Amino acid sequence: MEIHIINPTITTSWHEDTRRTYAQVARPGTVIRVVTLKWGTASIESYRDEALVVPDILTNVVRAEQAGADAVIIDCMGDPGLYAARELVAIPVVGPAQASMHLAAMLGHQFSVLSVTEQDVPAVAEQAARYGLATKLASARSFGIPVLSLRDDVDQTIGKLVDVAERAVRQDGAHVIIPGCTGLAGLAPRIQAGLADRGCEVPVLDPPSVALKLAESLADLGLSHSRRTYPSPPAKEIRWPADGAFGD
Amino acid sequence: MEIHIINPTITTSWHEDTRRTYAQVARPGTVIRVVTLKWGTASIESYRDEALVVPDILTNVVRAEQAGADAVIIDCMGDPGLYAARELVAIPVVGPAQASMHLAAMLGHQFSVLSVTEQDVPAVAEQAARYGLATKLASARSFGIPVLSLRDDVDQTIGKLVDVAERAVRQDGAHVIIPGCTGLAGLAPRIQAGLADRGCEVPVLDPPSVALKLAESLADLGLSHSRRTYPSPPAKEIRWPADGAFGD
Amino acid sequence: MEIHIINPTITTSWHEDTRRTYAQVARPGTVIRVVTLKWGTASIESYRDEALVVPDILTNVVRAEQAGADAVIIDCMGDPGLYAARELVAIPVVGPAQASMHLAAMLGHQFSVLSVTEQDVPAVAEQAARYGLATKLASARSFGIPVLSLRDDVDQTIGKLVDVAERAVRQDGAHVIIPGCTGLAGLAPRIQAGLADRGCEVPVLDPPSVALKLAESLADLGLSHSRRTYPSPPAKEIRWPADGAFGD
Amino acid sequence: MEIHIINPTITTSWHEDTRRTYAQVARPGTVIRVVTLKWGTASIESYRDEALVVPDILTNVVRAEQAGADAVIIDCMGDPGLYAARELVAIPVVGPAQASMHLAAMLGHQFSVLSVTEQDVPAVAEQAARYGLATKLASARSFGIPVLSLRDDVDQTIGKLVDVAERAVRQDGAHVIIPGCTGLAGLAPRIQAGLADRGCEVPVLDPPSVALKLAESLADLGLSHSRRTYPSPPAKEIRWPADGAFGD
Amino acid sequence: MEIHIINPTITTSWHEDTRRTYAQVARPGTVIRVVTLKWGTASIESYRDEALVVPDILTNVVRAEQAGADAVIIDCMGDPGLYAARELVAIPVVGPAQASMHLAAMLGHQFSVLSVTEQDVPAVAEQAARYGLATKLASARSFGIPVLSLRDDVDQTIGKLVDVAERAVRQDGAHVIIPGCTGLAGLAPRIQAGLADRGCEVPVLDPPSVALKLAESLADLGLSHSRRTYPSPPAKEIRWPADGAFGD
Amino acid sequence: MEIHIINPTITTSWHEDTRRTYAQVARPGTVIRVVTLKWGTASIESYRDEALVVPDILTNVVRAEQAGADAVIIDCMGDPGLYAARELVAIPVVGPAQASMHLAAMLGHQFSVLSVTEQDVPAVAEQAARYGLATKLASARSFGIPVLSLRDDVDQTIGKLVDVAERAVRQDGAHVIIPGCTGLAGLAPRIQAGLADRGCEVPVLDPPSVALKLAESLADLGLSHSRRTYPSPPAKEIRWPADGAFGD
């Protein structure tokens, strides 16, 4: 099985980390390929950023299908371009936020999302509602470290995450925790351990791992998204810059 | 007062009609300017189309503010790029769908949207929910004429719209009707009259007019969107094709 | 255009202030007329008060239409008699609470209402739900000054409003603020400035102004409420005291 | 125990029927007293009608408490004045719609209300939502006989009710039926039998009986409405016509 | 009238207290019979406990109908086996939680439940949602005394309940309070008085009393649950341990 | 990896089919073990049936963990005992309905469940709401074949399922279909093909396969349910029939 990961930014320095992260949780026999965008933004922290990364995400999702991928994962908790991408391909397209929110809803009464910035809080609430999970969201709480600084001091990042997660558990009633940025990949076990030390035994999900397991499962089952929800767009004229031509 | 209308497609043939449509309902003293996109799609009938028009919408919204516009309207019922655009400017950015759904909710118990295609039906439901109006949406029903053919035979288009609207009123309990495409601008009075002839006296909104009145009202009141919901994006690297450079 | 304002109380001392408030935000050419009730209560702070003002509101709404008004505004945040009044006239009848809640929902993620008394809190929640906006209400919080004392010490009133609004923003996640009494007309800019000084940049609406802009817009558009929701009542015997005869 | 029934109309011809209806289901020892309004409308079929009956309902609810009633029932499925009346007295004030909707919600998955007119349909939906029962309402369906004609041909009335109720059961999934007008008092067993003959075995409630049992139960339990929701209105000037003076 | 109370545990020491509790609020002429389970758990504080008491509850509900009971009450705030029991008998089966939540919803804006343990909090929220009352639940808050210790020091128990209830009123907006365990039967008046002493005048329900009044009312009205929701199970093979044979 | 399947009935004839069904979709290296209940009912078609199978399900889930299972699946679309079982073990306990509903919600706008009997329709709605997915359920529709007859004439069963599923797609707006009984295991591809032949291209899930993939994924990820939602029950006296002793 071959699963392609779209790093939906132009930040090439994440490329190898992303590949390793996914490869570590992949089943034996699952091949992981990562592509980084040519056009877009360095990170995704606003609706503007999402808007600018989606066109090249679409180009790369189409290419992934043409190259024989069994499934594609868009490696960002905003799930940018998820619906548009599904219109263009038959293979499953997986968003880590959608996958994690649904898994969290199955594992406990309500979940909280630890979001990067204060401005993500309403966006997370809209996302949960769009996925049908408004009643399962205990809260979104931001930890306030910019995406590009998450790895500057990992211990400090984890410390902040545990602090915020503890408030989500004690004050908001969260029973499951979702780190709200794929830049936090692999840190879930340490957050979960930190919470347990403070008397808060709750599962902490690792969204990339959850997305990968969903992608593998869909490929195993021969299932993909519904064509009724995501039909192929009608043919029409598209004009796009020559050297960044959409779909080229 | 100066209000800029973004025709969020590359179809220049709509340009003059759009200008006239808005100018007809503008107050004396309101200047209407229309811009058509350089990059994007010929019409908007899928999530893919939305994704491809948003970058150039953002460029044009920013330019509108720089050129002194008092408000901007994105002339499409998908409200493409509404949230992202608001992050980039201080002036009000108005979406005809958001404006019409809220007005409809004020005028009657529930409203229905007449959507272009069957695939719009779930998108309209998600839109109503995102705007907080899930309980006010009686139904979305498609009338099945492609956007670029809406004006081929206007009488036939109106006939289909009245048929579908009547079912929305009688079977779904719609008390207000919203035509679901700005390409139907100006037809609302004829749809309303057609419905009245069949015993269905309900208001039929003209979304571009409604959007214009909201834009004028916000400019009058000195009000705009909340910076808490739509903060300015943090500075970061953006890479975009040279001859279509975003924000150029 | 002529817009009639119903001061839905028997307190004539508000008459001139109300007229000036609305006239200040009216467009050139919009004539504002204010009527004060003959029968009812001195202010509206309970369901009992609402019940006692509605009959004379209805009388005055009917008279307004007969006198050629293009729209009517019921100048109270309880929107007393809004639905009943719409049954009796064809012209638009606007409630400041309905108009403000929908505008607030368009400008940001969620809004809070600053209510006069603690007992208004559940009433505001019911109102938001009735208007279809339950998911957009962050909170109602009371500031605890009786309606008839709001203007005794305006600086103190504003101070309390800013305190309560700040809590709504910081603790409840409000992104837009609605002062919950039309007796606070004109104070929105000072509340907004006070909040900005404390680091809370959010729009604060002035409900009478918002209602006026909606009334002007509806008159411009030739739109009014749906007869399906608000049909004319069937003819029947009505018995009412001679010197206060309903509809006299 | 003494329970007062407010006939919230000026139609005195219903007086004795109403008394007998309630007396038949009262427990031994429960005294039933009925009062009919001096001011108001002949029946209640619109928001206008509700507005005009509430002031005299309030007068009579206060009088009932002064006269030693243990509980009061407002005998109309619009529950007119329910909230305002509760502000004015300490004894329980019961509305047949609220009582019936909650009982219906306890007896089966979802209930339908058979409403008098088409225009009641949205009003019933708002009522169910206000009482917290939006998810338990299968549908409101009108049977289209004016209130004052319900008893002209009782067999025909029952025939229509059974027809409409059957559609509610088969098409809307109703598992419990509520006749939507207290003018239908006592007909529930015949509707239930008619439905059973057609293969629809569902409980059909008699709202006046349900209201009476709730009133008796509250009096037995020494319980009444919460003062936090329905506080006493603050003292203030009230002006009301001399010969119909409110509260006289 | 004869009403049977199922003590849905194997704790026989509660038997006489339970009988007296119900007898005290029964109407003259209502006979109360209590049965305690042969198989099950000593108290009900988990989903596991609920699962183990339901089979013998069903046996006893069937026996109650055979013995001529007019209604049955399952004396636990988890309402264990309520739906299954209704499938097996025609007489009303009443759950104290369902009865109390609906009554509380009628008496005030929102109610809170004082639950035994922290783990009950999500269970109470699911219960309220299942009964259609999600929007009426202000909060569930635990007071943290095991069921079997509730009567060890009644003053201390009441003190804790008043503390927790006060927080529900002041912080969560509860207007009505429901003690969340039938082991607290009879303490409601003291909790209500304790709250009033602290300035929180709200009704505090006694769930067993509320259940009994509902059972009496249903028997009076000749009403029971809907067969559409709770049809008789189809005949099929059941295998059960010989000396605890289900239904023996 | 070892995954245990609980056949939650006493029908041993399903044992081998169930084992083969799961083994066919298991990954290489996943061992499938099936256990059938000693005590309970022959099939599960009512709340009564669910109540009688849960105790022995719990016994077997505990045994599965003791025997070294990595996860357990309760093979019934009622997910009987799911919450109680999770209290008793640390390994993941998976319900096919919960797993399928969440997967369906990820693959399309809304899903429908094809339920065995008409009486399952409200139960499915309650289930979807409990899992947080009320807004994603398009409908539940019954196909009316008793569980024990599903395999009598498989072609006829599939014919009925396709008929009912087509109505769910065309009339209710279902974009994904869930067969509502694990007795239909393996038939999903034929239902999906039958729908496609009629112009309804939608994914049809096979709930046992979906449950197995979720179980494998959870085991891979080292994740299980939250102890905050499903804490271990406190120790207490349990009395159970000697020869069917719970937990023996």
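Think of it as A, B, C, D, E and F in the order they're written, each chain with its own count starting at 1.
Here is the rule we use: contacts are C-beta pairs under 8 Å (C-beta built on N, C-alpha and C of every residue); 3 or more make two chains touch, one makes a residue touch a chain.
The model shown is predicted, which means the values in this text are computed figures rather than measured ones.
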item: Farthest-lying chain, centroid of Cα atoms versus that of subunit B; value: E
item: Most distant chain from subunit C, judged by the mean position of its C-alpha atoms; value: F
item: Distance between chain centroids, defined by C-alpha means - subunit B, subunit E (Å); value: 53
item: Subunit B-subunit D separation of Cα centroids, rounded to whole Å; value: 44
item: Centroid spacing, where centroids are CA-atom means, of subunit B and subunit C in whole angstrom; value: 28
item: Sequence positions of subunit C contacting 2 or more other chains; value: 109, 122, 126, 129, 134-135, 175, 228-230
item: Chain-chain contacts as defined at top; value: A-B, A-C, A-E, A-F, B-C, B-D, B-F, C-D, C-E, D-E, D-F, E-F
item: For the subunit E and subunit C complex, residues of the former touching the latter; value: 109-110, 135, 173, 175
item: Residue ranges of subunit E touching subunit A (in the complex, touch as defined); value: 121-122, 125-126, 129, 134
item: Residues of subunit E that touch subunit D when the two form their complex; value: 25, 27, 98-99, 102-103, 105-109, 131-136, 169, 175-176, 200-203, 205-206, 209-210, 213-214, 216-217, 220-221, 223-230
item: In the complex with subunit F, residue positions of subunit E that touch it; value: 10, 38-43, 45-52, 54-55, 58, 81, 83-84, 86-88, 119, 122, 126, 129-130, 146, 148, 228-231, 233-234, 236-244, 246
